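We just call them A, B and C in the order they show up, numbering each chain from 1.
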Amino acid sequence: MTPPPGSLLTARDLRKAYGPTVALDGAEFSIHPGEVVAVMGPSGSGKSTLLHCLAGIVPPDSGSITYDGRELAGMSDAERSALRRSEFGFVFQFGQLVPELTCVENVALPLRLCGTPRRKAERAALTWLERLEVDDLGGKRPGEVSGGQGQRVAVARALVTAPRVVFADEPTGALDSLNGERVMELLTDAARSTNAAVVLVTHEARVAAYSDREIVVRDGRSRDMERAV
Amino acid sequence: MSARQWGRDLGLGFRFAFTGGREGWTRVLLTAVGVGLGVALLLLTTAIPTALAVRHDRDGARADYTYGPRRPKAANTLVIADTDTVFRGRGVRGRLVEPEGPKAPVAPGLSAYPAPGDMVVSPALKELLASGDGAILRDRLPYRITGTIGEAGLVGSRELAYYAGAKNLAPKINGYQTARITTYGSPNKAPATRADPVLILLVLLVFVVLLMPVAVFIATAVRFGGERRDRRLAALRLVGSDSRMTRRIAAGEALAGSLVGLVFGTGFFLLGRRLAGSVEVVGISVFPDSLDPSPALAALVALAVPAAAVLVTLFALRGVVIEPLGVVRTARPARRRLWWRLLLPLGGLAMLAPMIGQGRSGGDFNQYLVTGGVLLLLVGVTALLPWAVEALVARLHHGSVAWQLAVRRLQLSSGSAARMVNGIAVAVAGAVALQMLFAGVQGDYTKETGKDVTRAQMQVNLSKGTPFTAAGERFAATRGVRAATSLGSATLGDRDWRRGPDTTVSLTVGTCAALREWATLPSCRDGDAFVATGTDDDSSTTRLARPGTTLHVDTADGTGRGADVRWSVPKGLKPARAITGPNGAKSGGILLTRAALPDRLSRLLDGAVFLSLDPSVPDATEYVRNTAARVDPFADAMTWSATEESKKFASIRTGLYVGALCVLALIGASLLVTQLEQLRERRRSLSSLMAFGTRRRTLGLSVFWQTAIPVALGLLLASAVGLTLGCVLLKMVGSPLGVDWPSVLSMTGAGAAVVLVVTALSLPPLLRLMRPEGLRTE
Amino acid sequence: MSIGHTLLGLLESGPRHGYDLKRAFDEKFGQDRPLHYGQVYSTMSRLLKHGLVEVDGIETGGGPERKRYAITEAGVTDVQRWLATPEKPEEYLQSTLYTKVVLALLTHRDAAGILDIQRAEHLRSMRVLTDRKRKGDLADQLICDHALFHLEADLRWLELTTARLDKLRAEVAA
């Protein structure tokens, strides 16, 4: 199976079950560099599982995932971890900031995991915090900032390594619409400016409207809405 | 607030503890097991004084006082001989008995005396003799077993003891080993010998040092599962309980756990007591029934533990604001102040200071001051540690990601980190101090025997009149004996012993070879006589050892009676030079070869055989003891060693070691529970770290650092406080200062080992928690 | 929207010429549909007749005659009353989409397909509005948000209907 031309990340016929619960049942996905793709669908439809599979966090039971010409299934756990460190970025709804680290340290963390020296990593982190308009929070801990601010810090952290794919799982789920939209604007602007692809899992249409394209997951099967027309 | 309200809220918490579903139960169970272990240890400690008292009383009740006056045979007399022996390092209490009339006193635990040739034995001895291990001992005790000694006649469940029936013991009465008695027990209600104040101090300290960590442990145990409980409390706030009520409800939950813990503890204690009957620690065993906590102390435990649980909970919730929608830990607690924390250990030192130097003068230690001082010093550790951890981690910077994660975590919650290691720190500090004290006073309690163990390793003293040369040959033929040197000796005085001599000189008889062990002889043939000089005091020898002088042989053995036997110093005494004998002493006097000794005197000599053993033969000493028993049932076989440790002392030291290890294991268990709980709480954070590609090694290391930093600090502080306390204690007993590094290292090493084990055990759950399931939002 | 009330409200800050009124209206409310001058003229005549405005002065010069209007006491009361009266919420009970779905089901056509096509179309509109919102000023943002929320509501209905299509099919068939 060859991925569509120009595709950065492609999944074919993904299947994944947690015990008797089928989460993915032949899902398809592909994304181009710089593209923002929304993954929508009702609760429990398998959106998050698709994201976890695409990001190499959870191995699918069957099917293929190709990233930049490489098959994810053929990689060891350590290789996939390294991929996540250097090529991918993550924004989740809850709990992604390490509560004991300050905001700037949180943002610097992925760089440091890749081996960047502390000073350099924290300088880069500060630049990103500035871009996301939260540079005044650098020395604070996640427990001391608001939800919207925390989410911006998380976006900064997802982008600091200049990833080629950002995975965002309900990134505005815990925010009000004003904060949520600001976070979405900052996320998509920043991603476009670095030509990063964004996989955006959400159940909110207004959040999905920030994407270039959407796919809908229902009962573990994906549906590309562009092709439906 | 009224007492009724208190009662109602506590009761509510109590109900919550049991109706909280599986989670609630697990929490109650964990707390209960933790508190239970602590309570069992407390009960055991309160029972030990009783057990020791029972031991002491029984030992007193069966005492056969052989130093009494000589009395004639009568209907109520009994002749008893002490034939104690040692089997593979374990003492065997042996008695030969011959009742002389129908009213002879019956020993405690016996209903009647065994007939001559029979014996009654303790259950443990019966067991030993029946087993393969006891084969050698069976040869030494050639009596038929006809019964067992009851509990009343034994001091411990594993004690080895027997009473054997004998005939014709009366001639052997000598006032120290064999005697005629009319009653058991100490004849005059002698005041219990006043115990050495230093020993009392040590025992006191062992208890304090072992119980402090138990208290710390109980305090930790009632906090098990605290995070989940906080969530439940938040839910209670939501439905309208005020913050004081919530605290009381939390206290009620802790109370429930601790009450179940009391029940568990009683169970553990009873179970442990059963087991205690079948073990022997450093030669001491106890009967389960005598491990009876004194009611007052048991009641104190029953009241103090639940009360402490309530107080600890209220104290722990002090810095926590429970809001209806969650628990807010006061974000930045006030900086810890140092001054009052320093007051505790300084106060402790101040209480101990007045007693410095008391041990040397034999003065008493004020028990309250000692206990209070030591307690304050050790509590000082628990007060100083949070401050020290906070102060240190605030200054730690930079480093690897794992290090940074750990340091930041510690900075955020240094208090809980310090609490985790408090128990270990207290245990180690106390143990270090005590080990140091032990090492210091060991010199006082370990005697250099001066015996030269390269020349002989055993000495067998034979009763008066036993033909020692023949005996020596039998010993020489015994398995495992390389050489046997036998000597006979007596003391000669210048006057009749019934009046008491002014000057005495010793008489030693043996073969030329044997005599050469004691003096350098110019030449020697059988029939020669020598006078050996060269000791520190030769004056009586030179005065009495003159040819023709009439000397009187000691036949009285200190009883002031016995026939007057005279002997005149022969002519032709050859001069000899005394050398240090195998017993480590130089003794001069008159030396005779066998032929130079008149036959009539040979019955009056005390024989002794010095034995050199083949170390490659196992049980050589046991074979020697068997031979000794065959040659002369009253023979006293002793194994020599270069030093001799006070037995009492050794058992305290061992007790401390065992206790400290138990306490450390207990604390390790609570450390593990706390650690696992913390990890569960951080589940989401860990999963997301994993999602963006953190190496498992990095997270594992961060957990390691997170434990290792406070523990290293705790051990450092504990060593410092322990060494200080040790120095003060050494000053108190007046021993020279000296640091016993091996014990410091072994105790801190044990503490560190606990941490390593805990980290290792918490790794598998850590890896499990890092799985992506934690990313799910529900 | 009542143009009369809106113009009255604009007059409250001070007298204006008819042309000024049109400009002010277009600037604030007429992004999509600017007002014709004729509309302003006819509305003002109606308001004059009801005594809600009065002519404050007439300028004559080069070009058409220009009247300056001022609001009267009665006009102010009218604006006040209008503002205080809640708008009747629209009930959207007559829905073309619903009709389409039921018809598709009755004729055994692919109802789910229809819903999906509509959904994609809605989202496309939302994307356009979102884009405009990102580039526009606050007024743009508020107006786009209003539209976005309505579209979102439609979209949620589409999703819900998709989820209940089987049930609906059974009911329609019965």
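As a convention for this text, a residue touches a chain if its C-beta (ideal position, glycine included) is under 8 Å from a C-beta of that chain, and two chains touch if they have at least 3 such contacts.
Only a predicted model underlies this, so the values are computations on that prediction, with no experimental measurement involved.
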item: Category of the chain touch graph - line, ring, star, complete, other; value: line
item: Pair joined by the larger number of C-beta contacts - A-B, A-C; value: A-B
item: Centroid distance [mean C-alpha coordinates] between subunit C and subunit B, Å; value: 94
item: Subunit A-subunit B separation of Cα centroids, rounded to whole Å; value: 64
item: Inter-centroid spacing, subunit C versus subunit A (mean Cα positions, whole Å); value: 38
item: Subunit B - residues contacting subunit A, complex; value: 331, 398, 401, 404-405, 408-409, 411-412, 684-685, 687-695, 698, 772, 775-777
item: Complex interface listing, subunit A residues touching subunit B; value: 48, 52, 55, 57-58, 78, 81-86, 88-90, 92-102, 105, 109-110, 112-113, 118, 141, 143-144, 169-170, 173
item: Touching residues (chain side subunit C, partner subunit A) in the complex; value: 113, 116-117, 119-123, 126-127, 129-130, 134, 148-149, 151-152, 155-156, 159, 162-163
item: For the subunit A and subunit C complex, residues of the former touching the latter; value: 42, 185, 204-206, 208-212, 214, 216, 218, 223, 225-226, 228-229
